[in-house]
Structures are given as C-alpha cells and as structure tokens.
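Look for chain A in each of the two complexes below; its partner is chain B in the first and chain C in the second.
Now for the complex of A and B:
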C-alpha cells in the first residue's frame, strides 16, 4: 500500500447551541466534536470507535460537510473541503461518499433502486443517459444485485440488499473516500459478514479509503488498519490496529476492549473485565480536567484539574492520558 | 451480467409503485368507491350535460314554480320560469371549476410557503409562519367578501379570494411534513450525493410529503364549493354565470311556497361535497395506512 495521505482532518470542531431552562438566556454550547485530528492513508481504513454520544457520527457528518463545523480543516487530496464555497463543495462530493447506518431510512421510498443508485450521477456528472445506465448496470453487478432488481422499490428489498443499494450509490461517482457510518450495525450478524466482506473486496478492487464509524470492536478488528477511540467529543487514543488491540494505553480503551465478548473460554478467562462505573459527564458543563476522570479506575489529582492533550507516545501511537509515560505502558 | 449466488432467481417480485398499493387500499373502501363513481358522474354531467340537454339556464321557458316532473321539466322551474335542470348542469361546471381552481391556488401558495419554512428553518420559518398565522386569524368569509366586493365578482377573482383564505392549512401540513422528512437519512444521502437545495425540496422531500397534502387538497375542493355557494348566495358572484349557490340565493324568498327550488340545488351541493369528503377520507386511509388504527 502507498504511503500517501489521502485525508487529513485538523482540529475539527462541531458545536450545537443549547438553551437551558428556556427563555432569553445566553446559549451555551455542546461541543459534540472537540479538536479532533486524524489522517487516513490512501487505500487504508480508519475506524472511529466510541460509545453512543461520543461524537463519532457527528465527526463523520462534519468531515462530509453534512453538519457545519465551526473550526478545523478537512484536507482531501490537498484541498480543504470545508473552506470551499457551496457550489465547489457540492461538486467535490463526488470524491467523498457516505454509507448510512439505517438501510431502511437511507433510501428514498419513492424511487426505484436504479434511480437511487443513479442519483449521484444525475447531480454531479455530465454523462448522457446511456453512460449512466452502463455505470448503474456495472454497480449492481459489483455489489451483488441482479439486473432485474433495478426496477424495484426500496420496500421490496431486505435489509442487506438495501445496504448493497446504498453501497452502489456511494460508489457511483468513483469516490476516493467512503465514510461508513455504522454501516452494518442495523443488520443481523450473518448479513453483517456479507456486507463487510463486500466492503473489503471493493476496497481491494477499487483502492478505496474508508472512514469507518462503529461501536462494534469485533467489526472494527475485521475491517481496519488504524483506530481512533473517541470519548465525549475528543480522540483519547489513536494508533494502528495492532497498537490498540495489543497495547491499549488509555484506561477507556482498555475498558472498551475488555467488554468485547468472546466465545473462546481461555481468552475470556485471561482478560479481566474492567468495569467503568457511573455515567459520562454533562456534555454542556464539562469538568475541568480529563473528561474520563470521574469514571477512570486509576484517576489521580492531576486528572481532575488538567485536561490531557493527545500526544505521540510511541511511533504514531497517540494517547490523551497523564498517566501514560514515555515507556508507553498502560496505567492500569 | 454475473448471477449473484445470494439471490435465488425466482424471487424477483414485480416492481410496484407505492401509489399502486394505495389504490389497492382505496378500492377496498366501499363508501369511497361509491362516492368516487358519483363524483365522476357529476363531473361527466358538467362536461357533456350542456350538449345533451341544450337548454339555456337563463331562458324563461315555462310558467314559474312548475313542480319537478310536471310539464316535461324534470326538476321543475324557478321563480322566473327558468329550467332548474339546466341551472344544475351549468351550475355544476362553475362549482366544480371553482372548487378545483381554488384548491390549486391554495395548494400552490400553501406548499410554497410550507416548503420554504420547513426546509430553511430559522428566520425564514419565523417570518412565513407569522404571515400564515395572520391569514389564519382573518375571518375567512368576511375577508373573501371584501376581496370580491373590492375587485369585482368575476370567476377568477372569486377563485382567488377562496384560495387566499384557505391556503394556511396546506402550509402548516407541508411545513410539518418537511420538518419531519428533512431529518430522514435519505435526504442527507441526497445532499451527500450532491443534490442542490431546489432538488432536495421539490424532488426529494415534496414527493414524500404529498400524501397528506393530497388529502387536504381533496377536502379543500369540497370546502371551496361550499365557500362559492356561500358567496353566491349572498349575491357576490358573476351575474352572468349560473352557480348552485346563486340558484339557492335567488329563490330563497320562495322557500315556503316552492321549496324544491332551494332544496334541489342544495342537494346538489350536499351530494357533491359529501362525495368529495368521502373520497378524501378514502385517500387518507389509503395514503396514510399508519393512521388508520385510531
């Protein structure tokens, strides 16, 4: 694989104004995504994992400019996607496509499958009908759907088939980057495997780059080259798959990994479940120190007073924790 | 084309448009089907009636107050000896055309306002909804009477007057549907596929917002017919065309002596509006199946 960086996200931030108690009071902000940075190399997959409310989906939407970021850059192939004007960013969408979580609500019920797959071409290309038809035919074959199914409406497909339509739509404009937002979590396990294998096959065939949003670490382990762990809008740990699975440094990452169920009895007994008590803090009134401090089993005084920065501890393995030293050993 | 191993060949269902299923549902509603047939007959009568029964409704053809069936006049004659059947047939044209045209006017205004408000949110929504509320609190009959009185009682002006006072319901329904649908993933997916705002509004969201708007529009045809009848009963109508309300209005002094001159056009209005309402209800059940179990 090449070493060329396709996407680099710098200091991305998304905030939502929230009014508490109604009335005319000053709005405070919920920082759904706070200073998030990462890079993805061409042809590789970065997974963003985290619990519900950690900001991973908002990050994905902000990268694709489907929610407005108040700060940060998304460099795609050298140009900052977020600083383009409306029309330029609309045209740039051809290079960056999205696969959605829910295959039942992500397809327009009034359109035939073939119209859904053709939609990006209608909006973004200047091809004539015959060329579009040819591409749609090829895409249906690529994602494993039959040509006769082009005439059907979304409600006539199963969940897995619908997700294949969603994938075909994302491939239509030959994008470099595909953002998969929980692309398989709404499917049952057998179908998940089919779709994941399809995604991997397409990645190999078309040299695609994936930004893969998931809360399912089993899926992540199967799919990706590197992982960013998010908690409360921040990236708390970022490294290769090997780094994270073999040597998780942030206590939150360790807890997440220890929660992965395993059918292997020996492995199950070898891993100690790390329980994290309590709930995440109020996202509007964040604590002064580390956002994980109130649930962290090893939190010290410094954790409650100072916000740890994300820093490189070992050859690209980054972590935001005061207790991880230069030796890159987990504090647990 | 390669054969996919995942999908067995025989299981390809027939492609069915969502509206085809709605028609299936509608057909099972007997009341609505009967109403639809009656409505089609009324419309046919309005279209071809004047050719099959070429009597001028303004001609005094016989003695006044000739009862229905007597002297060869199926529905009798009015206080000036004019043929009531001819009046009904010609009046149907006016009533139906005004009903449809007023519904079109209010759908066009209402959908535009509701779509812009629901799609853009923010100050656009605030402004448009305040304007909508302004029109909602106006006394509708009075306001349309003022318009007709000021600008003259021509058919286009009556249509406009009715449309202008009845678009608010459409605007609110459209806005609420837009607010709901704009958050669905397929709208985001369209945006991610490079769709412009105009396409999102009118090609993606609007077709999915149509069912309740269609129902509202159908019911509005009925209320516009009633509205027109009310205006022409009060004399605010084009004196050169016959309409059902006008027939009632001009014969109202003789209601005790020759009640049929009032009840017959009244029945025509009643049956037409009832049929439109039944069809509207049938459409509602067929297009919004989730709302049926109430």
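Now for the complex of A and C:
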C-alpha cells in the first residue's frame, strides 16, 4: 500500500438557502456541510459516518460535484476538481465514480444491463465498439454476473444483482476513487455480505480508493481504514479505524458506538450505553458553542459559548471537543 | 400454566397471480405473559405475516388462515367475529409499525390520534381522553408534552413520531405489544432511546413483546427467545443467548456470521464475511416437501431435497428444522 494521498478535501462547505417565516425577509442559510476537511490515501477506504441530517451524503455529493460547494477544494490526484470548467470536470469524472444507495431507482429501466455498464465509456472514452465490448465482458465477470445476463433489463435482476450492475458501471472508466453512498443499506443481510466481500476484493485487485458513506457502524468497521464522524455538518472526530473504535474521544462518537446493538455478549456487558437525550438543534439557528452541547452528558460552560475546532490530539487522531486534552482521554 | 398466546400449526395462504402459496407453513409457537420474543429473517420470510395474522389484519381477499389456530388467553382468534377482534386489537394486543411517518394520520394532531384509541376502547369523555393523551406523551418522554400534544405528525422528528406510535399502542395497556421493525427507519442513537423506552414500559406494565427484526444485535438486546423464519417456515427457535452461541440451523448460522458485528475489541485484521449465496426463494416455491433452504446451504444432501426436515428439539430448549441439526 502506498502512502500517496489521492484525495484531499479542504474546508469544503455546502449551504442551502432556506426561507423562514415567509415575507420578504433575507434568506438564511442551512450549512449542510461546514468547513469539512479530510484526506484519503490511495488504495484505502475512508468512511463518513453520522446520523440522518449530519451532512455525510451532501459531503459525498459535493466531492463529486453533484451539488455545488460554496467554498473549499477537492484535490483529486493533484487537480482541484471544483475549479475545473464544466467540460473538464465532466471528463475528470472518469476518475471518480459513484455507487448509489437504491439499486432500484439508480438504473435506467429502459436500458439493458450491458448498455448501463457501457454508458460511462460511451460518454467519457474514445474507444471503439470492440474495445468497449471487451471491457463490458470483463466487468460482468469481475462483479460476478453471467455473460448471458448482459441482455437483460434491470427489472429481471434481484436487488443484489442490480447493485452488482451499479458497481460494474462505476468501474467502467477505471476510476481511482469510488464513492459508495449507503451502497448496501437497501439490501438484506445475506446479500449485503456478498456485496461487501465483492467491494473488498475489487479494492485489493484494482487498488481502488473508497469514500464510504454509511450509517451502519458494523459495516463501516469492517470496510474502512479511517473514519470521519459527522454531526450537524461538521467533522467532530477523525482517525484510524482502530483509534475510533477502541478509543473514541468525542462524546458523540462514544454515544453513537454505544448505541449499536451487538450480538457479542462481552461487548454488551462492557459497553455502558450513553443515551443522548433530545434532538439535534435547529440547523438554521445553530447555537453559539459546540453543536452537540445541548445533548452532551459532560458539557461545560465553555462548550456552550465557544465553538470547538477540529485538532490533532494524538498522531493524526483529530477531535473537535474542548474537553479532550493533550492526553487524548475521553471526557466521559 | 397456559401461555398467553398460543399459535398452533398455523397455515396462511396468499392468493397471487401464480396461484395459492403458503406464506406461513405450519407454524407453532407460544408466548408467555411478560415474555419477549423476536422473529428474525430476511425480507419475504413471513415475519410480518405472522404478526398480521395475530392481529386479524391479513390483507382481505388475498390472505387467509387456511388451517391452524391462534389462541389468546384461551380464546380462539381465527374464528372470532370482526367485532370481537376489534375489541381485542388496541385493548389486549396492539402493534407498532415500521414507518412512523406513514402509519400516523397526517391531518389529525397526535393528541387526537392517541385520544381516539382511548375513547374507542375505554369510553372516556373527550376531555378525559385528551388529558390521558398528554400523560401518555409524557410517559414516552416527549418533552413539553402539554404543548406537543396539539402538534401534527409532520412537526415531529422520526423518533418522536415512533414515540407517538408507542403511546397509541400502549394507551390501553395491552397484554401483548407487537413491534414490526420498530426502529429500522431510525438512527442508532434514536433506536437506543426507543429500545430503552420499550424495556421500561415492559417492566412497568408487564406486557409481552413480539419484535420483528432483521438485526441480530437488536434481538440480542431486546428478546429472551427468538424464532428464525425462512420461506414461511420456522427454521429455528430457542433462547437468544444459546442460539447466538451455537446456532443449530445453517440459515441461522449464516444470518449471524454474514453481518460484520462490532466486537468488544476491534482487531487490525479482518476476514471476509461468510456469505449465504443466493436469495430467498420466491413465493411460488414455498410449501414444497423439501428443505427450502437447501439451494443456499453448504451442507445440503439428497435427503434435504427429498423431504421436509422435522423440527428437532435439543435439551437446552433449542429446536431446529434441519436434518443435520446435531452436526451444525
């Protein structure tokens, strides 16, 4: 595994104008992604976890330029993807592909499987028909579909098979980065295991880099090398898989991990569930201090007045919490 | 002692375009007072159908109880009149559904929806029912219940809506609460709150809980006993701890090991997940005299294809419908 950074996202911000109260008042903004930065090394997987409304999907969409970021950079292999003009960014997409959550609505029902997989090549490459055919054949084999299934339409496949088509389509242009947005959430557990194994195998074979968006911490733990935890548009903790799961520092991360029901009796007995009461604050009128302060079991005065910055506390393990000192010990 | 709920040799047939298929095929189980059990399996295995049949809510003209019996407190439900079933539903047995958004009526306030149940079953006055609705909202830990009782469902978050559903289900202090994937649509921290709430309610009212889920972790957290369903049949039944420790049916084993669980400590190395190849058979394949899991099983023999395996009981209370249950 190389140490080369493939993707670096700097101060990414996405905001949506929302109107409150009607009338002619000034629009206020909802900062769905607020000053988010992270890096992914080539051949590795970064998972973004968080609950609904935390901004993880919007971050993924902004990285792929599927929603407009109002600030920030997305460096992919040395080029700032967000500053490219439309045509250049269209071509650069060959290096960055997406696997979507819903295998039902993300495939065109009128196209045959082979056409769906070939489409990225049609629009992004200059290959001749024979070359494309060869690639499509290879992709079908790689994702575990039979050659004769190329002629079928999406409705003739099961959910898991459709997700395989989605994966083949994402691989068609030989991308460096694949963004998986809840790629297995819609699948039954047995099928989910098949797809997760396939994604890991492809990563090893093709040296792929994944940005893996998921709310399922068990899946994340299995798939990722490092994790960014998002809460209310911010990254509140960022570290390696081992750091995050064995030594969570942010109280929100701890609460999130403790909430996952486990079949492991030892874990159930060792984990004290940290219930976080209430709901997240109104994303349009954010509180002055830490966004988690109103639900945090250990919040102090400083948490309610000052917004904590994400800082490195121990060899790359970053956390945005006033109460984590240089000793990198959880405040809980 | 007679169990609170007893289901015997239940067979439910669904009429589809392809013909009549047994979505529930010879299912028997018991539920004691104050006990919590879980039904587990992939989609299309008959978990929800079991719940609907107990509630007398099978889709009309499409689904019917072909044979078998469901007795609640000694009373036969399969032959009960619609009026009697209406009395029992909500009063003695109630249900919370998966989608807290679509199972509430969007044009009534949550208070009206809770009060409706109380008025229908207990004959309380409007005012008294409304006051009780406020108390119930408070009991399911919705802050400022007095103010929120006049809210419409859209003004609440997903977790709050599910709490309202629970308040409705618990309004008449039922003896059995059926929860069909109650937290699937919710975030994990909200799920933890809901589980916590359900466990508290169970302690206070002594109700039995039947939870339907696909999440083994949730089962381990919530239930004492579990029933694994596959293609309309019971694959395995037994105490949760024992089954997780040593499943006796290859399908149960697959369900447990195909999910990446978070263990007490995370190690650097990761193994490939155990795969259960293929998918659940379609409805038209249900009901055949063979093991329906055979096509996905790695222990399959000729016997499995020739004859449906009977349920084998084990000394620790486990039962598994597999010819090779001892060897699994």
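Here is the rule we go by: the second predicted complex is superposed on the first by the 332 of 332 C-alpha atoms of A that agree within 3 Å, B and C clash if a C-alpha of one lies under 4 Å from a C-alpha of the other, contacts with A are read in each partner's own complex, and residues count from 1 in each chain.
Basically, a residue touches a chain if its C-beta (ideal position, glycine included) is under 8 Å from a C-beta of that chain, and two chains touch if they have at least 3 such contacts.
Everything quoted here is computed from the prediction, not taken from an experiment.
S.K.: In the superposed model built on chain A, check whether chain B and chain C fit or clash.
M.R.: Here chain B and chain C can both sit on chain A without a clash.
S.K.: By the touch definition at the top of the document, which applies to A:130: first (chain B), second (chain C), both, or neither?
M.R.: neither
S.K.: After superposition on the shared chain, which partner residues are touched by A:149: those of chain B (first), chain C (second), both, or neither?
M.R.: A:149 contacts chain B only, not chain C.
S.K.: Just checking: does A:194 make contact with chain B only, chain C only, both, or neither of them? Give me first, second, both or neither.
M.R.: It touches chain B and chain C both.
S.K.: Tell me the angle subtended at the Cα centre of chain A by the Cα centres of chain B and chain C, rounded to the nearest 10 °.
M.R.: The C-alpha centres give an angle of about 80 degrees at chain A.
S.K.: Looking at A:275 after the superposition, I want to know if it touches chain B, chain C, both of them or none. Which is it: first, second, both, neither?
M.R.: A:275 sits against chain C, while chain B stays out of touch.
S.K.: A:242 contacts which: chain B (first), chain C (second), both, neither?
M.R.: The answer is second: A:242 touches chain C but not chain B.
S.K.: Which partner does A:100 reach: the first (chain B), the second (chain C), both, or neither?
M.R.: So A:100 only meets chain B here.
S.K.: Which partner does A:17 contact after superposing on A: first (chain B), second (chain C), both, neither?
M.R.: neither
S.K.: I want to verify one number: the closest Cα approach of chain B to chain C after the superposition, in Å.
M.R.: Chain B and chain C, overlaid via chain A, are at closest 5 Å apart by C-alpha.
S.K.: Per the definitions at the top, what is the overlap between the chain A residues touching chain B and those touching chain C?
M.R.: Overlap of chain B and chain C footprints on chain A: residues 194.
S.K.: Across the complex, what residues on chain A touch chain C?
M.R.: My answer: residues 51-52, 158, 160, 188-194, 196-197, 200-201, 215, 217-219, 221-223, 241-242, 245-246, 255-268, 270-271, 273, 275-279.
S.K.: Touching chain A in the complex: which residues of chain B?
M.R.: For chain B paired with chain A, touching residues are 1-4, 6-7, 9, 12-13, 15-18, 184-186, 188-196, 199, 204, 207-208.
S.K.: Show which residues of chain C lie in contact with chain A when the two form their complex.
M.R.: Chain C reaches chain A through residues 42-43, 143, 157-160, 187-193, 195-196, 214-222, 241, 244, 254-256, 258-266, 268, 270, 272-277, 279-280.
S.K.: Which of the residues in chain A come into contact with chain B in the complex?
M.R.: Those residues of chain A that touch chain B are 61, 64, 66, 90-91, 93-94, 97-98, 100-102, 105-110, 112, 119-120, 123-124, 137, 141, 144-149, 151-153, 155-156, 161, 166, 169, 172-173, 194.
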